[in-house]
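Below: the structure, in structure tokens.
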């Protein structure tokens, strides 16, 4: 049957569109990493731009590209999530011949075995994300790899005020100066809470990092990581660790930046970093947040990781 | 124009339906309480049952009932949310002559002025909920009034283990027994977090309670209420209060029940209570929860509020 | 170190709790079905009741039970999701010696290959759910298996009114009676939309059904299933199928019940069914819904599937 | 009591932060428009940047600024939401003397009375949003006003293929050419669904538009607006209107742009527009979307609204 080409029709008056596509596609994907297979169930969005002359964007092609990419991913060895999204971005440009720009974003639950302070192996839950965008003619897509990590933050400010208050109370209660000195030796109560950190790196080339390494950087810069199973002693150790490393959302973002610059001097200056820490405040009904978006080059200037 | 009655058509083979209706209707509602007007923007669900002989349920009538009820609410003095939902439930039965059962549920943000530990007036955010359900022939609908309150819980178990660990550390560090005794005089760190409590009461008659009173009962049985604005000293006071009243989710549910039974002996034995406490664990990625659903009569038996 | 048993402490005044546990645990699970492995990433809730004498519920045991069950699931052949949740429910009672009731619920994305009207194999996305609850001393837990399926519903009522209006318009426009007769031969426009159906079956014993079979029953009783990839001709065929089977939410629920009773006479009378159809109305901002909760026995009485 | 200034402490190694603040604050706000008061319950986010030398951001000041702004809004006549967020942005810079950048975003349910095709007055639900951001020294904040509108889209492509298929079917069924011609006189079935449109305008000065006008522009460029209450005839009229104006997501975005350019030639070239249309596809499980972000100046070049 000869069907009318409704999408291809010319328009009396039209405008370029920044992005046209589909979102919320779910499909299981298996990535063959060296030594292990990673199975993900991502939610995927794919889009291309649309020139003024083209009425519609052949939406079914978007989904076909994803299905083909997933199928071909199954056949490749030593693959990576970055390579997977790059392949989809390039493939989108091939299938949408009228487009000059394509992008893909995906987000999935991700699991890693961690050792709890009780010495037990526990499977912990993270989110892994990857994006790629490309303009026709570009040598390489801009690829982003990122993680979302939930951990614990303890407030340094409230801890100091509590210390002051406890010192006054002990003094009024007849405690000796020797006894009150104990307050300087121990962590005292403060508010602590779930802290959700996002860490994303974007680059058109250069060494991209492994998601596991990003998770490690986030976890070691929270007041403490969290664990799905904690026995009594493990609980106490997590609480003490968090109270010995009390941190504002501001501290967490800065410490992650500082750690990344120090541990990864090989990353190019034009890599873009986005770090966000959201504290689900236990003493408020709202959340607190801090964020930095920057090139690594800009962050290095004037820092102790300045390149010379 | 003579329209075919598609909803009223007879069916070859059919089944009663438990509920048919619409959900997610948003409409501003003003309730005239003695002394103040309460403005709410609830999300509303309304449903009736449907006998086997009736094909469809005239969906537009559901929404019309809500609109009429909201309009008439504007004209009434000394109204209440319970009266509002009762009126809608009865009105649903009137408009759906084939139905023998009707129900309505609504849920809205709600605000109250509280005084923070810094002595400041702050507007705090709660959720208020009301339901009514009625069977044709019943004297009175079953009405439910409820609140959702966010506050703070601090874990009593981790606090005791932390105290033990700190005691050992101080001892190993050369502290004197007199100094170590300080640990018994002060609250030590534990994990604390947002705790979301739901408290609902259902009854066909008897004295229903004010939502403000329900919020008060919840807030005084958390480790501490929370506040949108806290200066330094207020923060420390909230932290100290929470650490002096450390509570499991189980404790919060039981203390709310005990408080309600003690402060409201006038409530009938057949009032049904549902209390749920969800702790957004700062040391885990998952949540902890405790819940009790019961008649007040069953709770009173064997308790210190037993009726004699 | 000798730790104080905070959870085991006696309470001055206490109350039984209906359920205490953890929710929102995510863990990958692999079920070995005959002929294929099914990989899921469920969100899991587990709970037990708590007698008045017990202060706390040893929360870490809940998560340990899940981890042990997942690990043991990996070793079993010919397993099922129902067997998996049953095992967890029984294991919860074993680990929580003070509890007399335990329950587990899980929910996960699920994928199946379907053939689109274009003749292509497409992977479609569903939700699979399973619950189990057990009282100490019961021979068998109550097990529930369910699915959530998204498809298409087209409104039969608007279609008839549109047919009337078009007939009048054609008549006024000078069309011949022969031409106007065409309106009785074709489906005319109506509003259609995403329809989300939930179908759950619960039973303590008897033949439980496969989730794939539940999905099939739902899909064949919607106005039409939906597909992730549709070429031009496939789109038109889905649209036409939906408009030739226009259905209210009420029809969808009843047709699913009728289909299940007819195709599965072996299911026991005391199996409980819950069917819910939610239509994301394209002509309203709210949703429409219909639901039936019943035993199969009650549904069979007076129906064409009555047992004799 | 003399409290340590934890937030003000110098840092060994630090980095500027792009934004630090609080999010998810809910507070009722009343805007006094000429002729009517608009009551909103927005969710509000406020943030400032943070120089490298400053450890923390005095989070409580963020919330205080909002509370003061809401209180002062109550005293002003002829106010607007744009003026309200502008005042908050400027006030944030005043309270955070170390910051050089401040931003606020708010989002709230909004209601307007519309007349349904049945001729009835119905209150319809929209979302209104407003943002402001400012750099210290800027003459004026950048202000954004936006709306989210839910309506109906009907697919033009499937309609044409359906027409072809119906034509073939009628022909095979023995219909006369005269009868088949009817298919060219009437709209035939296609898939239609909820379509969610966002329309945002940003500008540092120039005439900002009323949210009601933005809603009008969106609603007249959908296939059809939707209504909370529709009687039988109203339903059919909405369905017919939508099928006589079938539109892709791409068409909706372009038609909104074209309408805005044509009806508002007074808007400056440097006003930035963002239009997004998301179709909750009734024939797929995923959504389709189109978006344009641009200055009005760029859109005018080469269009029929080009300035000469």
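Read from first to last, the chains carry the letters A, B, C and D; within each, the first residue is number 1.
Basically, a contact is a pair of C-beta atoms (placed from the backbone, for glycine too) under 8 Å apart; a residue touches a chain by one contact, two chains touch by 3 or more.
From a predicted model like this one, the values you see are computed outputs, not experimental measurements.
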Looking only at C-beta pairs in contact, point me to the busier pair out of A-B and A-C.
A-B
Nearest 5 degrees, what's the C-alpha rotation angle taking chain B to chain C?
180
If you average the CA atoms of chain B and of chain C, how many Å lie between those two points?
27
Mind checking the centre-to-centre distance between chain A and chain B? Centres are C-alpha means, answer in whole Å.
35
I'd like to verify one number: the distance from the centre of chain A to the centre of chain C, where each centre is the average of its C-alpha atoms, in whole angstrom.
32
Among the residues of chain D, which are close enough to touch at least two other chains?
1, 3, 25-26, 63, 125, 157, 161, 164-165, 228, 230, 232-233, 284-286
Please output the residues of chain B touching chain C within their complex, sorted ascending.
1, 3-4, 6-7, 11, 13-26, 47, 50, 52, 55-57, 59, 63, 156-157, 160-161, 164-165, 168, 248-251, 253-254, 257-258, 278, 284-294, 299, 302-304
Chain C partner contacts - residues on chain D that touch it in the complex
124-125, 150, 152, 154-155, 157-158, 161-162, 164-166, 169-170, 173, 175-176, 178-183, 185-194, 224, 226-228, 230, 232-233, 235-240, 242-243, 280-286
Hey, which residues of chain A end up touching chain C in the complex?
1, 3, 25-28, 39, 41, 60, 63-64, 67, 109, 111, 122-123, 125, 228-233
